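Let me give you the structure first, and then I'll get to my questions.
As written, the chain order gives the labels A, B, C and D, with residue 1 at the start of each chain.
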Amino acid sequence: MDYFFELRMKVRDYECDLQGIVNNAIYQHYTEHTRNEFLRSRLEGMEDLHERGIDTVVARLEMQFKAPLHPGDEFLCGLNVRKEGLKYIFDQDIVRLKDEKICVKATTTVVCLVNGRLGDYEALHALLPKE
Amino acid sequence: MDYFFELRMKVRDYECDLQGIVNNAIYQHYTEHTRNEFLRSRLEGMEDLHERGIDTVVARLEMQFKAPLHPGDEFLCGLNVRKEGLKYIFDQDIVRLKDEKICVKATTTVVCLVNGRLGDYEALHALLPKE
Amino acid sequence: MDYFFELRMKVRDYECDLQGIVNNAIYQHYTEHTRNEFLRSRLEGMEDLHERGIDTVVARLEMQFKAPLHPGDEFLCGLNVRKEGLKYIFDQDIVRLKDEKICVKATTTVVCLVNGRLGDYEALHALLPKE
Amino acid sequence: MDYFFELRMKVRDYECDLQGIVNNAIYQHYTEHTRNEFLRSRLEGMEDLHERGIDTVVARLEMQFKAPLHPGDEFLCGLNVRKEGLKYIFDQDIVRLKDEKICVKATTTVVCLVNGRLGDYEALHALLPKE
């Protein structure tokens, strides 16, 4: 699979729950962290976006849980992004490295608030793949 | 709104993030906790299900984030459940109590593994509303 | 045992880890949440302390882990507070309700920063027991 | 400073709280994760210790919070270990990389339970520095 951005991580024991596998909500953390690292890598001045009245907000999320991660597993979170109207849609996979198994597929819809209202912010176009 | 099961909670400061509102993944924790409290209230012998080879597993999740919860907010997580084939589908709302605003809507698909294979487990029928 | 303030809670499954018991760092969350609920109950205008240049900061922490909490356990977190110079020292116990067993003892030292410097803030005296 | 074992990490946004800095309990997670990575690197068959009736348990913890970590900060968690009777004592520092500032100092006392009773387990001696 080809991703526009990738981040490698390793499961920490405290992220696992009673069943001995990574807790479902932690996968949401992994996808959020990967999106933020992607934003940091692309977006100049991301740190003061909020001061300038611009906020990126998750509006919607879909996740499919296909296989679990276990303590110590290494994985990558791969990300692709596309634009639909005012929405930025992130397609992300969590892939276990030892067998390249896709453990989780997530689709996250992010919108941009400009001074509290749904809007567009030109600099975010830097997120999109060049055609 | 009418729910089949409800649980009241209050936002803890440590569940909020940089933006001063509850972190998105925490809402997934809230819905998971509510489902588990519901299961505990209905299902005799839930604690040793796993020993008897029966596991309930989240296969799929959809969440819509409509409004944020803030530090100290009281809320309820309401739950309805229906069966589609071998799937148990939980529809859950997170409702801010002070203004009855629905903050999050979540639909979670749970399946039952019997000795590791997709199956059915009669006792789970106790989860469903009586007709 | 007599406490100056108490908060009752119940273990949530997602707070437990691989060993089937509450993860050690979660007890720190419980004590923090209890201190904050205590502050909210005593301190008028706590929400805008930060805007007025006043921050309360944890400087030091000691915890003894004596017995574990399990999924679904109900417990209380009891709190006493005393002042030593500019330090507010919170002694907190986490007590399992079913057998009144003390599971965790924690001592947390909190100081007050006024405009970023160690200082005192008169309104915090409202935290202390009346003699 | 010289450490017996070191692990590098980077702050994730979701680990930060309302105050815009890493939440205090997360530092406990960082120290736990570092100890576990250290154990994994030294201890053959660590994964089935529990099945063989051997558990390592945190009995006591002391932390000093000296400076905060911010979103995106890179840091290392350095670890030294010594034995006192049946106790393994881990001294850990969390060091911000950009300015080598020690943000947190933690001392964690770990004991070994053999079939549920305080005991010793020879293989754990592999944890200690060779003299």
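The working rule: a contact is a pair of C-beta atoms (placed from the backbone, for glycine too) under 8 Å apart; a residue touches a chain by one contact, two chains touch by 3 or more.
Because the structure is a prediction, the values reported are computed rather than measured.
Novice: If you tally contacting C-beta pairs, which comes out ahead, B-D or A-B? Let me know.
Specialist: A-B
Novice: Using each chain's Cα centroid, which is most distant from the centroid of subunit D?
Specialist: B
Novice: State, to the nearest whole Å, the distance from the C-alpha centre of subunit B to the C-alpha centre of subunit D.
Specialist: 34
Novice: Distance between subunit A and subunit D based on Cα centroids, please, to the nearest Å.
Specialist: Centre-to-centre distance between subunit A and subunit D: 28 Å.
Novice: Can you work out the whole-Å distance between the CA centroids of subunit A and subunit B?
Specialist: Here the centre of subunit B sits 23 Å away from the centre of subunit A.
Novice: Scan subunit C for residues touching two or more other chains and write them down.
Specialist: Expected reply: 13-14, 25, 29, 32.
Novice: Quick one: which bits of subunit C touch subunit B in the complex? Just the residue numbers, please.
Specialist: Touching subunit B: residues 12-14, 29, 32-33, 36, 40, 72 of subunit C.
Novice: In their shared complex, at which residues does subunit D touch subunit C?
Specialist: Its residues touching subunit C are 19, 24-26, 28-29, 32, 50, 55, 57-65.
Novice: So in the complex, the part of subunit C that touches subunit A is made up of which residues?
Specialist: Its residues touching subunit A are 13-14, 16-18, 20, 23, 25, 71.
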